[in-house]
Amino acid sequence: MNLEVIKQVRKNVPLIHHLTNQVVMNFTANGLLSFGGAPVMAKAEEEAHNMASLADGVLLNIGTITRADIKAMILAGQAANQKGIPVVLDPVGVAATSFRTDAVNEILKEVKPTVIKGNAGELANLVDTPWETKGVESIGEGNIAEIAEKVSIKYQTTAVLTGKTDIIHTTKERITNETGHPLLAKVTGAGCLLGSILAACLTTDAPIEDQAYTAVHFYGLAASYAAANPSVQGNGTFIASFLDALSRDPGTLESVIT
Amino acid sequence: MNLEVIKQVRKNVPLIHHLTNQVVMNFTANGLLSFGGAPVMAKAEEEAHNMASLADGVLLNIGTITRADIKAMILAGQAANQKGIPVVLDPVGVAATSFRTDAVNEILKEVKPTVIKGNAGELANLVDTPWETKGVESIGEGNIAEIAEKVSIKYQTTAVLTGKTDIIHTTKERITNETGHPLLAKVTGAGCLLGSILAACLTTDAPIEDQAYTAVHFYGLAASYAAANPSVQGNGTFIASFLDALSRDPGTLESVIT
Amino acid sequence: MNLEVIKQVRKNVPLIHHLTNQVVMNFTANGLLSFGGAPVMAKAEEEAHNMASLADGVLLNIGTITRADIKAMILAGQAANQKGIPVVLDPVGVAATSFRTDAVNEILKEVKPTVIKGNAGELANLVDTPWETKGVESIGEGNIAEIAEKVSIKYQTTAVLTGKTDIIHTTKERITNETGHPLLAKVTGAGCLLGSILAACLTTDAPIEDQAYTAVHFYGLAASYAAANPSVQGNGTFIASFLDALSRDPGTLESVIT
């Protein structure tokens, strides 16, 4: 973990423009606020370019995407590419329907993401590898390192594949992460909020592999730390504890894990 | 309560496709995850049919319905009917405006719901019985058993009428339920989440009256159990405690109520 | 603080129709329920007029506004003006993009708000005063009393300018408020929920300056009270504690502050 990444986020409070799904907007905004960033979540296609141009980073998450959203996402992503700020693409449930597959293809034709983040089923779909999925969940098994590598090569990007083991694959190297907690799977949008945390970390001046690994590693530590709180008795109390934990220093989070 | 219903949900983790209102999406998804199901909440009309076809059950909730949503709901409901999976219809605030009344009529012309769930004011409206309402709340009084029966006959469905006493009326019999807690009335979407829990229970192979009663009875028990937690001091702490409680075994919930 | 305002809200349970942003709908509804009001959040332009006509007050919040929303807001605001019920306008992030500036201008041409509520950057924009903003946040400094006064004169309304010090400016007088807590800035929609609480207080028969000051003063007290709860360790636990606190008596909230 590169502590400089966390420090810079908290010093600069990067403004992240989110075009994300309606299920997780509130949780994502509160999670990013706790971590140290500043969320904005404008939706209208008329202001997508302008709002992204004001931001330090952009998150595109297709969880509840409609045709109007696709256009707004492309405009926001293009503005980010023009300005040279990071774009995270989270192709939620891309394998579930052809509408989603087409939407992601449309976006990827017009926007170059800095990071593509998803579970194994989502990233496998992007490189035409068969994988078992259920709605927006990945339930298949296979060579996740290979999937991540293929995504990084095909899209010339950094792939962040989340799961029990997370794989970060830049165009040059692979890093694995083992932090995390089973309760995250019981919280809707746990993956979506990570996309926002990633976008914030990508606004710092550390190397991309440090930015991505720090985001993913810190996120998993925060989950373990939160779950260890004696007040946590299920996903409801965990959500509150996890939002709290995202504001902690990395050292504090680590102290409880050992 | 038929414990087999809860057991089967937790074993099979049914995928419920939600076309529901924007106020309650996050709470509903977390509630269903805690209970043991898997939520998906795609909105686009282009994928409504496909997503419902992948699911084990469908929830249609009109709380913030727009014209585009009506079409998506009909497509999802029809896909569910074709596949033979359960459909729950929650006609939130149907009596409030003619737009809602028309929307529900349009849906009911095209989709056959397995369960229609609502408060007394909503169900009374569906059978043209006068009832006092306030926004999306029911504040009138009258013969709720009769209302539920009329809905079950008119729509050849199971009616679940929620209130201080809940009435479950299949086409053949009536069951009443008394579990619940006043704090549920202070949580937005408490009724909406019950629709999702109902949909999950309807995916099991128990008789419909067992499925519906178990969902409603368990839900009320979970509310009482959650409210008894000493950490609960209002609706904010109750929400967290209630989400936690939805993951408990029925026996655990019952132990605290006596 | 005029205790009669709180008492009347809790006795009458005013129905507030919200046309508000998707990030904060759930939090706002639960906050208003805890405080003592009744939320409704219909979105469709087809029912905007009808739903507002059934309500006791209307909140217009442009946080995630789209073109369709602008029309619905105008219809709801006009219905409220015709019926003589209060309208609160919250021009979230109005300075960020020309789309927002135009949207607010369109609304203000057709609707007369009882209160315009916003941070310094938002209200400064409405009176063409330069101010530094970042996304939907105000980060500039300047004469906030003058900004509030200008808004009240230009729009012949009551301006509520929120910040470390809050300014309430009716067309006749200025009141300042100092209650509040830094954790509010870590909760998305803290300002948005205040708009809803304001709308509820405006339905009472107290003078406008009492209604507005009571809403703002009570809200800040609730935040301090909530933050003093030993369970609060960050924004997640604060959200739950704050929702709880909104249901308390003013005397209870004050007892902890000293």
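Think of it as A, B and C in the order they're written, each chain with its own count starting at 1.
Quick note on the criterion: a contact is a pair of C-beta atoms (placed from the backbone, for glycine too) under 8 Å apart; a residue touches a chain by one contact, two chains touch by 3 or more.
Listed by chain with UniProt protein names: A, B, C = Hydroxyethylthiazole kinase.
The model shown is predicted, which means the values in this text are computed figures rather than measured ones.
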Worksheet item: Interface overlap for chain A (Hydroxyethylthiazole kinase) and chain B (Hydroxyethylthiazole kinase), more than half of numbers shared or less than half: same or different?
Response: different
Item to complete: For the sequence-identical pair chain B (Hydroxyethylthiazole kinase) and chain C (Hydroxyethylthiazole kinase), determine the rotation angle of the Cα superposition and round it to the nearest 5 degrees.
Response: 120
Discussion item. Distance between chain A (Hydroxyethylthiazole kinase) and chain B (Hydroxyethylthiazole kinase) based on Cα centroids, please, to the nearest Å.
Written reply: 32
Discussion item. By the touch rule stated above, which residues of chain B (Hydroxyethylthiazole kinase) touch at least two different other chains?
Written reply: 22, 25-26, 231, 239-240
Item to complete: Would you pull the chain B (Hydroxyethylthiazole kinase) residues touching chain A (Hydroxyethylthiazole kinase) in the complex into a rising list?
Response: 15, 17, 22, 25-26, 29-30, 33-34, 38-44, 46-47, 50-51, 54-55, 68, 231, 239-248
Worksheet entry | Sites on chain A (Hydroxyethylthiazole kinase) touched by chain B (Hydroxyethylthiazole kinase) in the complex | 21-27, 63-67, 93, 96-100, 134-137, 186-189, 231, 233-237, 239-240
